[in-house]
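Below, subunit A partners subunit B and then partners subunit C, in two separate complexes.
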Partner chain A sequence: MTRFIGGKLAQYGLVLFLTVTLNFLLPRAMPGSPLSFLAGEEVGTLTTQERERLLREVGLDRPLHEQYVSYLGDLARGDLGYSYQRQRPIGEVLVERIPWTLLLTGLALLLSTGLGLVFGAIAAWRRGTRTDFASLAVFIFLESLPGFWLAMILIAVFAVELRLLPTFGARDLYAGLTGIAYWLDVARHLVLPVTTLTLITVSATFLTMRASMLAILGSEFVMVARGKGLSERAVVFRHAVPNAILPVATVFLLNLGQAVAGATVIETVFSYPGVGRLMYEAVLARDYPMLQGGFLVITVSVLIGNMIADLAYPILDPRVVRRD
Partner chain B sequence: MDRRIASWLAVLAGIGIVVGACAPAAAPAATPAPTSAATAAATKAPVASMRIAILADEGTLTPFSYKFGYPGQQMMYLTYDTLMVLDADNTPKPLLAKEVKTSSDGATYDVTLRSGVKWHDGRPLTNADVKFSFEFITAGTRAAFRTPIRTVTSITLAGTEGLQIKLSAPNPSFAVRALAAVPIIPKHIWEGVEPAKQGEFKATVGSGPYKLVEATPDTVYRMQANADYHLGAPPVNELIWPVIKDQNTAFQALRTGEVHAIIREVPPEQISQFSAAPFKIARGPGFASTMLQFNDTRAPWNRKEVRQAVDQAIDKKKLADTLLLGNATVATPGFIHPNSPFHDPSVTARFDVARAKALLDGIGARPGADGIRVLDGKPMTAALLTYSNNPIRLRAAELIQGMLKDVGIGITIRSLDTNALDALVWPEFDVSKGRDYDLSMWGWSAPVQVDAARVLEFVHSDTKIGTGNIGGYKNAQADELGNQIAVTADEAKRKSLIQQLEKLIAEEVPFTMLYFQDGVFAYRAETYDGWVFQKGLGIITKLSFHPAIGK
Partner chain C sequence: MTDPAAAKARYGLGLGVVGTSGLVLLSAIVLTALLAPVVAPYDPRETTGRPFEAPSGAHLLGTNDIGQDILSELIWGARVSLAIGALAATVGVSLGTGLGVVSGYFGRRIDALIMRTADVVLVVPFLPLMIVLAAYVGPSVVSLAIVIGALVWARPARVVRSLVLSQRNLDFVTAARSLGARDTRILRLCIFPAVVSLALAEFVQLASRAILLEAALAFLGLGDPVQKSWGSVLFYAQARGALMSAAWVWWVLPPGLLITATVVGIALVGFGVERVFTPRLRAR
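So, the complex of A and B:
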């Protein structure tokens, strides 16, 4: 077990180093430059000397390897750098964004996993019946919906027509709410974006669960359980579901790591302050430090998610270790 | 096994908690965010609060940190005053200045400040602050305001209210581009700030009609009326600027009353929905241009006849009608907006397919088997670049593709993200760095048209003067006219020179002007109806927030 963990950690260290390097190189390989955000929109009126001075101020005049070394040095000191576009420390920007992002994507992930799991299990259990066909149809329909479109429809119906929920943002900006009222308001702002995100992602879990459950229901131990005279409920919920959950758990843990990356389209339509939109804007602005810092945090989260999945799997399914 | 069930039950319990947390939240739904109906009763009394949606973050809203010329710069001007201010017709009027006198040679400006003006922190605003502001901008790294004051050689102070600004050469644009543009910042706040780090410094003290009280990045800006403003308290007590990233969502928020106005033009197809109470529409000319830019240094676009043929082949009226449902002004080929006082009415838009074909026939460009003309042994095909995030321009490119095909020019459209396109058309935003494209959809923002003399920046072949000559166009006559425009102070003479250059551009077609989208803005009139449409810019300007400004 120790060797198993040690080997995994070494693998993750290597992957981390490679991503740090790629995070540095890829933004700089894109055509374009951060100049217009460093100097402002009227950048075209600067003289060549003024432009050069500006690049010197942020160290972009130095050779690439020097920039890379100083980037690694800053990272070692825990300094993620300073955003060109936002003129703020990147750590500060991320600390502000990540909780909102996790609130949105985390809730949607829990909901879509839960719903997908329950409906996937039921569909498989009722295979070939009307319930199965109807739920398949619904979930495949949801899968095919474009997120921005669904979001716009939900806004039009629930915010504009029914006036039940706010159209944008993560919290009230006007009334200065505090305490319980504040949190209730945060929840109201979450309803539409979380619903949208849940609906467009739920089918993956549903289909995984359904397929996994079908395989399990056809296996011998289920036949044995039935043969023992167990009730159908006991067969399905005590024996089949726990075994069928394994692939869903993997998908869940991988998505958990991804949750930090946010959901760009949903964040944009609802103007939700998430990491997805943040990174999209950083790409447009060629905000190298923001891209480096943001993608680093996302990469690390994905790696942690994978690592948890890797480490948890032997516990969830002891056969994994035995095969090693 | 049981542990697994337990952990999954925990997850399900988590869902339950979340759902539980959301459930009571449905209750306040009966009382949605206060709509403007609540404030409708307020008639003559000051408006308590108004919310205006912006579509992007604008930094900390200092003169060195706002992001976009529109709306960020206009928002910044609510906190920071200028010596002069442009009125609704873009004529400079005194603001912090009581009086501005220009010497006969146009190279010396004598300014007398208004008495008794105070900063938001109560300290008096003096001529030393003005001098400091000019010097601090020059010492910094930010591009805005820098070019128009580059020719300032000295600023001498007289007493606490008088100052004399000397220029190295006459600059007739100085009032519009410098005096009505340079934000005056308090010396006592900024003097310790290193100029190269000016963008990072957070400051809120200005002398303008509004005090910035909150700037939450990417979320909201909040401004409080400055009751001690030197022209009297402004009519709206509080301005809130929520950031709504999606334009469609912003217009939905206007419908629900979550916001009362939006900085962006109403999409043409939605104008009718906002034309009746409680909404009103403010309409006027827009100065932001849409054009087809040639690489004038690359064959065959370096041939005048080819450029003229392209101009003749494009039906600009059809573009305006199709793309903007007619809410646009068809551009005339000489760059100057048809509503500008500098426009020569004899310069009119062209569209004549037969003439386009004749021009191409005339230079020996004959159609090949596929209908594409061949000139000097090469088929007349080109890539047309356009921004991927601008659907209207992308559609314009498609329509132009069809129109040029009709005259035998083959176009492929390449849509690129803003920065990638700029890197080809305007590498490092420095025209001396060359260019790598055939054709590109392009446009210049409104301020360029506010000062008609700036037309020379787009055709002058000296890269230090023609800073926006992204086509690399070169013409001795245009250079000469540009040189004269830059130094001619006499108004009538200047106008005549600008019109000569306008005619030359119309003849030479270094770029094909297409249309100017009209400014059509929707707002909730019951909340506030004091909006002023500043020609070319729209309603989100300082003039809308204080009736005495610009008078």
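So, the complex of A and C:
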């Protein structure tokens, strides 16, 4: 068990190291002046003297290994650098954005897991029937949809044509709402993005649950449960479902890590003020430090999510511990 | 061959009903893309109408913000989307199969190295990394395909490796080795034939994933500005406010449906391919 956790920690440490190093090397290794990546495109218009002063300020005149050490030192102090587009420290911008992303992706994750569980269980139980075939078809269709396009269609139908829901943002910025009215407004803004994200992520859970349920329904203890005369309902819901949930728990825990990463395109379409939208804005402005700061934070949250999954799994399924 | 399920699976190239319908769907899209110069009513780069025209006899899907024919854009865009999908899948599968075979056949240090690298690639958040890389590398069809391909090899590598591991110790491989066959000969004659079918199945999966990824990147404005794909058409539709008017019906709906149809088509063909290569499943 300790060896298992140790190995995982080493792996995550490696990922973190590679991400940080990639972030360090990309602006310096790419063709073109690293200055324009680190300080903005306007450096092209500066005089030679101004450029040299700026080079010294950013530390680009020093040897590469010294730059790397001071870069690591900055990160260790929580200094992610400075966004020249926003004229603010990157860490500050990220702290504002993360809660919105967590709200959006957290809700979608709960919904898609719940729906996937229920429909997956039903499809497996009704295996080979029209219900099974139809739900398989629907979920495979959902998996084939481009998420951003589904978002656009939902906006066009529900926000623009029917005027039922807001088209963009996370809250009404000018209404000055407080208390319950504020949260209702936030909820209204969440409906479409959460629906989109749920629909495009639900099929992974569905397919996992269906496959796992099929395996369980064919196993001996289910036969025993049937044999001792339990009702079909008791067999399925009290015996089969709880045992079939384990693989879904893994999918859920891994998605937990991807939650911060996953919503980039959806947030973009809805102008939702999360980390994903931030990445998009950084791309448009070619704000490379911001882009890298966002990428680093997302990687770290994925790693934390995976770590929680690794630690939680032996609790859910004690059998994996013995295998070590 | 008395098994009725197996007999049933053999009609339609052996792909089964599902696989065959996928093949038909996919061939229609691929053919249209190949015949673009013949089928497309206009050159998609020419201004052939007024801006924001609604569908009419002259422009079946209307025109975009600078008066280009949307239908022609989509027909030509199919080439870009499909090319990136195929190219990225080729890069990913070649890398994955190559590394998987090396890893499984030679084992030891090189195996450990390749598999640890694969673990790392699988953990890194995918789309954000692609966005960062695409932003630096710059948008062109080839670089997009290479970036996508370079990041999706880990899964095929793992699958191929485990197949090679099981293949390596089969009796006929041991026999060949004891007769003095070199590694290259064993790899070529004993290992590769077994790997090919698996690689094909992985190719199918990667292609659809690559098409969706390219669409997402193009939609974020990271597509090739010269070669418009379906994703780029959607990027411009969004940027020019197509959603706020009735134009979404002919400007936003069709490209997304085409992407979905292609991915569904690939998935169905995938089912068919799986049936052919894993006869075990046919009996079910």
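Everything below uses one rule, namely that the second predicted complex is superposed on the first by the 258 of 324 C-alpha atoms of A that agree within 3 Å, B and C clash if a C-alpha of one lies under 4 Å from a C-alpha of the other, contacts with A are read in each partner's own complex, and residues count from 1 in each chain.
Methods note: a residue touches a chain if its C-beta (ideal position, glycine included) is under 8 Å from a C-beta of that chain, and two chains touch if they have at least 3 such contacts.
Fair warning: this is a prediction, and the values are worked out from it, not measured in the lab.
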Contacts of A:L46 with subunit B and subunit C, given as first, second, both or neither: first
Contacts of A:T299 with subunit B and subunit C, given as first, second, both or neither: second
Which of subunit B and subunit C A:V160 touches, first, second, both or neither: both
Partner chain in contact with A:L284 - subunit B first, subunit C second, else both or neither: both
Partner, of subunit C and subunit B, that touches more residues belonging to subunit A: B
Which of subunit B and subunit C A:T268 touches, first, second, both or neither: both
Partner chain(s) touched by A:L230 [first = subunit B, second = subunit C, both, neither]: neither
First, second, both or neither for A:L26, with subunit B first and subunit C second: second
First, second, both or neither for A:Y174, with subunit B first and subunit C second: first
Which superposed partner A:L207 touches (first subunit B, second subunit C, both, neither): neither
Residues of subunit A contacting subunit B in one complex and subunit C in the other: 30, 37, 152, 155-156, 160, 167, 268-269, 283-284, 286
Subunit C residues within the subunit A interface of the complex: 116, 119-120, 123-129, 131-133, 135-137, 208, 212, 215-216, 219-222, 231, 234, 237-238, 243-244, 248, 252-253, 255-256, 259-260, 263-264, 267
Complex contact set, residues of subunit A against subunit C: 11-12, 14-15, 18-19, 26-27, 30, 37, 140-141, 143-150, 152-153, 155-156, 160, 167, 258, 260-262, 264-265, 268-269, 279-280, 283-284, 286, 288, 291-292, 294-295, 298-299, 302-303, 306
Of all residues in subunit A, those that touch subunit B in their complex: 30-33, 35-48, 50-51, 53-54, 57, 85-88, 93, 96, 107, 110-111, 113-114, 117, 152, 155-156, 159-160, 163-169, 172-175, 183-185, 187-188, 190-191, 242, 245, 267-271, 273, 277-278, 283-286, 316
Contact footprint of subunit A on subunit B as seen in their complex: 1, 4-5, 8, 11-12, 14-15, 18, 21-22, 24-26, 28-29, 32-34, 49, 51, 57, 59-60, 65-69, 141-144, 146-147, 196, 199-200, 217-220, 240, 242-246, 248-250, 252-253, 255-256, 258, 389, 417-420, 422-424, 426, 428-432, 445, 464, 467-468
